[in-house]
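What follows is subunit A paired twice: with subunit B in the first complex and subunit C in the second.
Showing the complex of A and B:
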């Protein structure tokens, strides 16, 4: 077999070949590669603009492997196979043989349905005279036809072993399925009844059936012949009827079967050499085939296109009890005979890929099979699903250092590649997820990373991805998406939206930053942004002390605006006591208390007044002193302290506050004591 | 109940599906809208008798016509029996018309609005997230927090536009000709009177209940009872249903925990208000059915029987049966619509599911 050459792609970019330039490339998301012109730089290269700088356009070429599943027909194949794949995983390697057979048949029927749809598509492309589409669908058909053929054979050889390990009957099924011409002819002929033998197809159909080992159908056709009652026909029928077959269930021992067969063969050959059938050459030909006559088969071989076309039939007549492990030798012998007769020199036999895969399968060389089916242009769909199925059914045999480990590694890496290639294809990410989900820790990690890379355009999609991340416990992915959304909203000046996304991200620092922004904005302009959001935060505020402060301050602000002074005053005092007031907000908060303190009928009791005074003296004043000292030390710094307040204003405010406290205290004490009295 | 489910793979993630209204007989045509595809389509389907009649698939949907859209379809609602409004994530709405024929029905685009939803700062289009229709009035909401009222006769003339919310709106529903409910990503539902002037728009707001107050819980689906429109049901992110009686909107009338993940759509059967369906993000479809025959020995007081069971608070659960129609799909069921004996639903598994015999 020839060595596989690495594929070479040419990139048309004049800049790459000019001067001393070459090409550099880098992987970008998934299997995309970005290529651009590049000049190797070493430590002693002069750091100067290249001579072509600014003259030529620098091109970036994006390369990605062809992806067949963008086509709607193949896309539905991926979607359907995906649900079968998951059903298979749910068996958890403990399913019965029947269950795995069912899964395998489901996969195959999906491929069959897809092939049918492709046929329809070709027909409508023909109608529309769209040659490109026709060629495209034709190519898909040849890919998926091969896939179905190989899958079927693998199913026979690995998933559905007979108790006796004999493979011939199933091989006959397989070949009948893939070369249905003679069976179709026979069906038509059987419907014709007695007139069948007048049809031109009669003898070719019979021969075809015999070549495929379908003895029973052939006999039924023979019975339709008007001369069926003549001795020749009767004899033929007798020979075919008495032909011993090896039971799939191993009821007869192989030695007994061999001796039965030998007896029957000798008897039949004797009849032929006695020229009993010489006057009916058609019948004689059939019987010669049945006896495995070399000359006869050689003639037939020369008319075949595929090496394996008559192989199962030949095996049926010459080695009926052939076991799976003998198949490889038999296939090779047959292949060299076929090649010789077709005039190929077996050393330089140019086999098509499908031919080679089938041979490897019969040789039970899984390494070679997997290697070959990886090269099919189906973006690894087939190799991934087949390997996974065989692995799950416990039928994957890769000879390695340590058998079990090799298999799981191979299967996982195939799932990983297929899953990530779907994940990076924009709209297929939901299907890709399932493959990554079932290939171990690496898959989980890749899933967590790739989830955040899905380009989402709407919040709905973002929420969908978050839902998935939550279910899988990918906290970081969830947080990333929320933060991206929050940042986007901030850029759009949609502060309420940004705040909600920030709360979802559960990132305390991030929430604090946005709450700070809102408080700052308020203390600067007196305008509260997104009041509807702040009013509804509720218990979610506890994620950040700053947010708690914002919400509580907002409550105060609401009471105040509704002129509901008593609860407002209580809240304000609470806020002062709470120790969560941000430094820059102190002046604002204390200024807010002045009108309450100056009210004619006291809103704040004496005890609370004292508290305010205490906060003023122990928190704001020391803060200001600190800032002042700093100012003296670094006189060049901006004169504003506490953000927007200039030092003179602050001192005035402090004095005002002290005065207001004193006056309120006097009023409050009088009233409180009067009431008490 | 003997329900049958058929699956049809359509190579598209379906975001919305709606039966065409048919007055007399059971509808056999429906529309689907797709999302997150290289190119998105609204398709018109028709159920056909399966030629290869096996017991399995009695009907097979066939796509009669399609209209291409360059962004996700977010909503489809019918204005008349042949006109539907389609909202999309480029902030526009489109009126499509269905021309019924014996052979192939035709789907054509009649009108498309300008961008109705946009972000103020950048001027970029904001996705229109939901649409609701009352007679010939259309209400749309978007991620920009805006509520627009548009007449189906001229989609470019915005009758009313309200800065309804400062965060993204997720759902909208007309409860009567003049009052529209909007729901946002925080779980707040607001009611707007569309007649009131800009200054005096009185807003009633109420919040969905949530198992854990500290968890975010957006309203993911909204509907009202078909015959008693003051009963409003909201499905939420955590998978629960909250029910309000709009005559007493101060507190929820019932709170029912249901699915394990966000409810993607909630809706009553077109003609039988005793049946409610909910679909969820984790691929479940449930049927909630009012128990019709109350036994005489029931502990319920006669008065309570006259009250709609949805308003029955904790006791609601005793008077409603839940049946699981689809489970374990794993991919989100994004939408469904029930009409006659059939229910159609669309999913992220790129398939549509037809359930027959939902009686």
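Showing the complex of A and C:
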């Protein structure tokens, strides 16, 4: 089949055809791709400037499939249809026929409203003399008009079966909506009253109505004629009035209906062959149509543009009780007749896509219908929504060994594609989520992934996405966004923000990294980067031992700065004992104890002074030895702990500490013993 | 229909790699002119060059972005036998309203290879900030930055030696139903007729072990890529060789509770010529393959999980004459080949049959 051949596109890029070059492509995001010239490289390619270096332009082509829903009018269509889609899912496949009909009609009225808005847009584009906009809206109208037409017919055939399964009355409704000319004329004429028959449209309107099976309106129009009371008009009216109709609700049995019809038909044909109406050719034509006169209908067929235009009308007079399963045959017979009369060789019949889809629908070939409507330039909006509706209503029937399974797969895959294509569009991602939400496990996984791919620029946007991720229980997505936001803040030197985002991510490792960064910075510069945030962390600090250390150290730092030395000393001693001190922080922490140790009135007890001394000898001294040995081996490594911003030389630090401890110990012992004594 | 935007890359020689960041809003290009360029997409969708610098002293083969939680980090590899890690740093704000200046600095040169470094890829982020290089001498090196706040330290964690020269490497993107992390590498060696794709697994003994070679693929392999894996129960690897291969990999447990890989390669010969590169879209529902014939093919997975070529894009050397051939209607894009500025145009789909 021709449609199964891949479509071929071309880009102009001379560099691609130089030497052995070719064209390469990369996905950007969504279905956007980047193309560029490519030179094949292997692992033994020698490196030299290529012969085209500096000559040909090096180009990158960004290609993006056209996306119609960027237009405001169509955007509102997508948004409105989305809420209908959600309502449909809420029925959970257990809705009544009436509920599915209501959904289908809602979809269609959304399309019709959209078509009206598009018409208005064309009018204003015309006024503004914007030919491009006009052409664009014209194209949209032709797309969505076709969609409405196919949807309407699908609704009749699949969602609204009559109890008797007869389709003709509904087909007449369908054709009347899509070829409204006669009905419009009739409305105007009826308003004219008695003068209607003087109008040039009078007889064409009547014929049009009869061709569409609108017998009652035709009779009303006939009554307006001044000669309505003459025998010919009366006879015509009588024939039309007595025409039997097959009840949609199956009140009459089909056999009974057929015999009634046959009786009426024989009677009417007898009247015509008796030339009773010969002097009123207009009336005679109408009656000939009603009796399904071959010659008469053939003449009419030649005037039509679309094969299905008079088909429902013809069925109405010749096979009024036609059932859905008979429709395919009837349609094909009619189509070949139409093609023959229009002078087409039926083998080469060039049918437009819409014509073909309508035939496939009548043939009940859903596989073909779905295949065809995927080619509409509507970014799969129609095929997705129609397939989903039929699936939910239990009316999706496609060929395949494992039918039910195939239907679910098809419907899910359409939802998946449509949802993900909306989600990779900036402004429509929230609508896309609903589709991914309803297509199984893979949809959920795609949703979680795509949520993290939404490029957020502001904190507000990030919070919105996180809020959604939380609701959906996508813990990892939430964590990812928090960490990205944290790193971004850090790069922008907004440290408090970075710490808050890290805590929000609940990732212990990541929080530790950020806390390390802040402590490291402090130990190098003596500058505490985001005091306000650290002061307010509270219980959240328990997410990471390093954060606990940071917060506790900060408390010490606060006491110390407020010259509240006693609690400061107590905290410091606790920190030293805590076993959560990071290696790099030992020098800083011990140096902090020096002024407290040197205080004239001791702040630290003798027992604790011994402990400090103990830490100095068992933690810091071995650490320094280790580092020195490492530096001998790798002289390029940063010296880290061998340096403090307060005291250049680490040896000096150790000496100072030992001295301070000794002095404090002596003072403390004296006082402690004196007091005790 | 396609909307087309043409960017003049202004590189002095051919581009070897184009890479997009996590969101598809930043682009990095590297070229035989030994420079790297970084591009940003603005609010209107235009791509603006934001930085360019000379990065190596040889052709730069490949470029790759780290996950944004590690910041704005790139890695490049070159014929000059090195790979380099680059980080974008934000300068001081000049005025309160202006956006701060940004520039890229080299954080580390990975100079362990004695031959051209043919490929470099960052590991999936759940492994930390880690990357793997392949080189023409057949060695895979895995590096890690233990402190993600300090990108100047990249110790080599593992070296995996192979007999064949290596051209490409890819990390599996998930470990679903597998007992370990997988890594695949390909060789473009032409003399032997053995399998050219190797699968390595990170074993419990903390070593990388070669577990499989894909024997169906004996022709030189120039690129391979594990597919992103949102919610799939098996793993997919695309391989560019004499043909395109899509390899499905499943972890299976045999009777004695040993886990091993069930590997099934499907060949796609539509190109009818060697394939040079492969690229997945973010949900692994589409794949682009680069043929030797001036065409890229775009593949789609249909609802029955089969792969079909959905579109072909071919390069034309010059403007076509006014006789469009039937099966390759040339786009109506009006961009002049020498245009220095991008232009917008559209290409129409020849399969789009009129509806009215």
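In the analysis below, the second predicted complex is superposed on the first by the 578 of 677 C-alpha atoms of A that agree within 3 Å, B and C clash if a C-alpha of one lies under 4 Å from a C-alpha of the other, contacts with A are read in each partner's own complex, and residues count from 1 in each chain.
We adopt the following convention: a residue touches a chain if its C-beta (ideal position, glycine included) is under 8 Å from a C-beta of that chain, and two chains touch if they have at least 3 such contacts.
Just so it is clear, the structure is predicted and the values come from calculations on it, not from any experiment.
**Q** With the two complexes superposed on chain A, say which partner A:461 touches: subunit B (first), subunit C (second), both, or neither.
**A** first
**Q** Would you sort A:73 into first (subunit B), second (subunit C), both or neither based on which partner it touches?
**A** first
**Q** Quick one: classify A:530 as touching subunit B (first), subunit C (second), both or neither.
**A** In the superposition, A:530 touches subunit B alone.
**Q** Based on the superposed arrangement, let me know which partner A:500 touches: subunit B (first), subunit C (second), both, or neither?
**A** Touch partner of A:500: subunit B, not subunit C.
**Q** In the superposed arrangement, does A:86 touch subunit B (first), subunit C (second), both or neither?
**A** first
**Q** Counting touched residues of subunit A, say whether subunit B or subunit C comes out ahead.
**A** So, of the two partners, C touches more residues of subunit A.
**Q** Once the structures are superposed on A, label A:491 by its partner contacts, choosing first (subunit B), second (subunit C), both or neither.
**A** So A:491 meets both subunit B and subunit C here.
**Q** For A:414, using the defined touch cut-off, is the partner it touches subunit B, subunit C, both, or neither? Pick first, second, both or neither.
**A** second
**Q** Touch check for A:255: first (subunit B), second (subunit C), both, or neither?
**A** Neither partner.
**Q** Once the shared chain is lined up, is A:540 touching subunit B (first), subunit C (second), both, or neither of them?
**A** In the superposition, A:540 contacts subunit B only.
**Q** Return the residues of subunit A at which the contacts from subunit B and from subunit C coincide.
**A** Dual-contact residues (subunit A): 491-493.
**Q** In the complex, go through subunit C and note every residue touching subunit A.
**A** Touching subunit A: residues 1-16, 18-20, 22-25, 27, 29, 31-33, 47, 58-59, 61, 68-72, 79, 88-90, 100, 116, 118, 136, 147-149, 165-167, 187-189, 220, 222, 228, 230-232, 274, 276-277, 279-283, 285-286, 288, 290-298, 302-304, 308-320, 327-331, 333, 335, 337-340, 346-347, 349-356 of subunit C.
**Q** Which residues of subunit A touch subunit C once you look at their complex with the stated criterion?
**A** 3, 5-17, 20-44, 47, 49-50, 52-54, 57-66, 142-143, 145-146, 352-354, 375-377, 406, 409-410, 412-414, 416-417, 420, 424, 441-442, 444-446, 448-450, 453-455, 480, 483-484, 486-488, 490-493, 510, 513, 516-517
**Q** So in the complex, which bits of subunit A are touching subunit B?
**A** By the definition above, subunit A touches subunit B via 70, 72-73, 75-76, 79-80, 82-83, 86, 426-427, 430-431, 434, 457-461, 463-464, 467, 471, 491-497, 500, 503-504, 529-530, 532-533, 536-540, 542-543.
**Q** Going by the contact rule set out above, which residues of subunit B touch subunit A in the complex?
**A** So the residues of subunit B touching subunit A come out as 9-13, 35-38, 71-72, 74, 89, 119-122, 124, 127, 129, 143-145, 165-168, 170, 185-188, 205, 207, 213-216, 218, 237, 261-262, 281-282, 330-332, 348-351.
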